[in-house]
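Before I ask anything, let me first share the structure, which is written out below as structure tokens.
Each chain gets a letter, A, B, C and D, in the order it is written, and its residues are counted from 1.
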Amino acid sequence: MSIRLTRNRLSLEAASRALEGAGLGAVVVFAGRVRPDSRPAGRVVALEYEVDRAMALRRMRALDAAARRTFGARRVVLWHRFGRVEVGETAVIAGAACGHRAKAFDAARYLIEELKATVPIWKSDRVRPARRPRRPPSRRAGRSGG
Amino acid sequence: MSIRLTRNRLSLEAASRALEGAGLGAVVVFAGRVRPDSRPAGRVVALEYEVDRAMALRRMRALDAAARRTFGARRVVLWHRFGRVEVGETAVIAGAACGHRAKAFDAARYLIEELKATVPIWKSDRVRPARRPRRPPSRRAGRSGG
Amino acid sequence: MPPARRSVHVRLFASAGTAAGRSSVELDVPAGGIGAAELVRGLAAAHPQLKSILRASRFVRNGRYLTDLRQRVRPGDEFSVHPPYGGG
Amino acid sequence: MPPARRSVHVRLFASAGTAAGRSSVELDVPAGGIGAAELVRGLAAAHPQLKSILRASRFVRNGRYLTDLRQRVRPGDEFSVHPPYGGG
């Protein structure tokens, strides 16, 4: 399916399969992974994504339609995880299959930029404190997963 | 392997696997497929790619190095088929894994644009004549595959 | 017969939920509803730590963005606070 | 002792090969070699249908692009004609 909000792992391979199709000259797919960034409080070990699910799905469907209309995309993948995503795991995949490569690059870029700016998804760091014994990362209670 | 010139099928899934890796925040991968374009002589059923293999590999390695240097790419995929490639099959894959998405998009775009402009690979159409009974597409004899 | 609902369910996403210490609140409103601007002022009064976040947020009523804070919010409506997004 | 090689192996890629009807030719050159420009003129003279293609092509000697057609090509060298590229 072209639009997904899921707690399950995302696979660039699965996205590639979803973008297969005869007559489509160019496929561009982007995958964003959680980086082990450093913070003043320590090292990021995961991100926790919160989402307003109904609104996010509606907005993602609108982006899918816009990519088809504006860039002639004939297949679109726009997948995002929510909940906890560990470092190294894929948090988001945006891809498009078009007739020609310039459009496919533009469509994929459009999808990810618009997703970040306009889809109600939020992330917060889960940090392992530096120079301390390892312990489970803290979780804030009472937050909605959307 | 990051650089490939092969008669075998290319898989976006395999390229995705090759671009996996912890610490890499962004992956962009492009796949170019043979389109069933129309020509005055009929419909394209395949492309035949010819390559100057030694020169092409050298140039592709230079592009790989340039993508790492210029865009901070830490993994690169630059794969191209030669010989006959049927409609719908993937002829080329260019991808990069970088720390951030803008660089990954730029690196993948750079790789495919530079490949097309500067790597000694040539294609010629294999066309099925329109309004005639189906027959095997013609092949020119005595051409080097590189 | 169930009792008439007199409150608006307010969902506080992300930094709004963190600041308020909870992911949602119920706000009582008159049977005829109130303007969205007034509801947001009431929210800020009840949770002063939300003030700066509310200034930067978008608001959603029953699944639609509010483009005009003069629009009314009625008992039984769902009202969401969306701080700036940060997916990807 | 094998006979001394007196020829240059010329590879004709893509449209150059199609125009010439063959993917390579052997061109005899003097033992001391000749300038690349002269070799290209000889090729055009032997295969007039190559002329316009040669004007648009890049040339490679022993795996390196020739940036100066005054460079010499010697017996035993490999010389390639690269019409404009079209991968992807």
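Heads up, the rule we're going with is that contacts are C-beta pairs under 8 Å (C-beta built on N, C-alpha and C of every residue); 3 or more make two chains touch, one makes a residue touch a chain.
What you are looking at is a predicted structure, and each value in this text was computed from that prediction instead of being measured.
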>> From the centre of chain B, which other chain's Cα mean sits the farthest off?
In response: C
> Could you state the distance in Å from the CA-based centre of chain A to that of chain C?
Replying inline: 27
>> Counting only Cα atoms for the centres, state how far chain B is from chain C in Å.
In response: 52
> Considering chain B alone, which of its residues make contact with at least two other chains?
Replying inline: 32, 101, 112
> Out of chain C, which residues touch more than one other chain, so two or more?
Replying inline: 88
>> I'd like to see which chains touch which, written out pair by pair.
In response: A-B, A-C, B-D
>> Per the contact definition, I'd like the list of chain A residues that touch chain C in the complex.
In response: 32, 49-52, 54-55, 58, 80, 91-92, 112, 115-124, 140, 142-144, 146
> Which of the residues in chain B come into contact with chain A in the complex?
Replying inline: 11-13, 15-17, 19-20, 22-36, 87-88, 99, 101, 104-105, 108-109, 112
> Where on chain D is chain B touching in the complex?
Replying inline: 11-15, 17-18, 21-24, 60, 63, 80, 82-83, 85-88
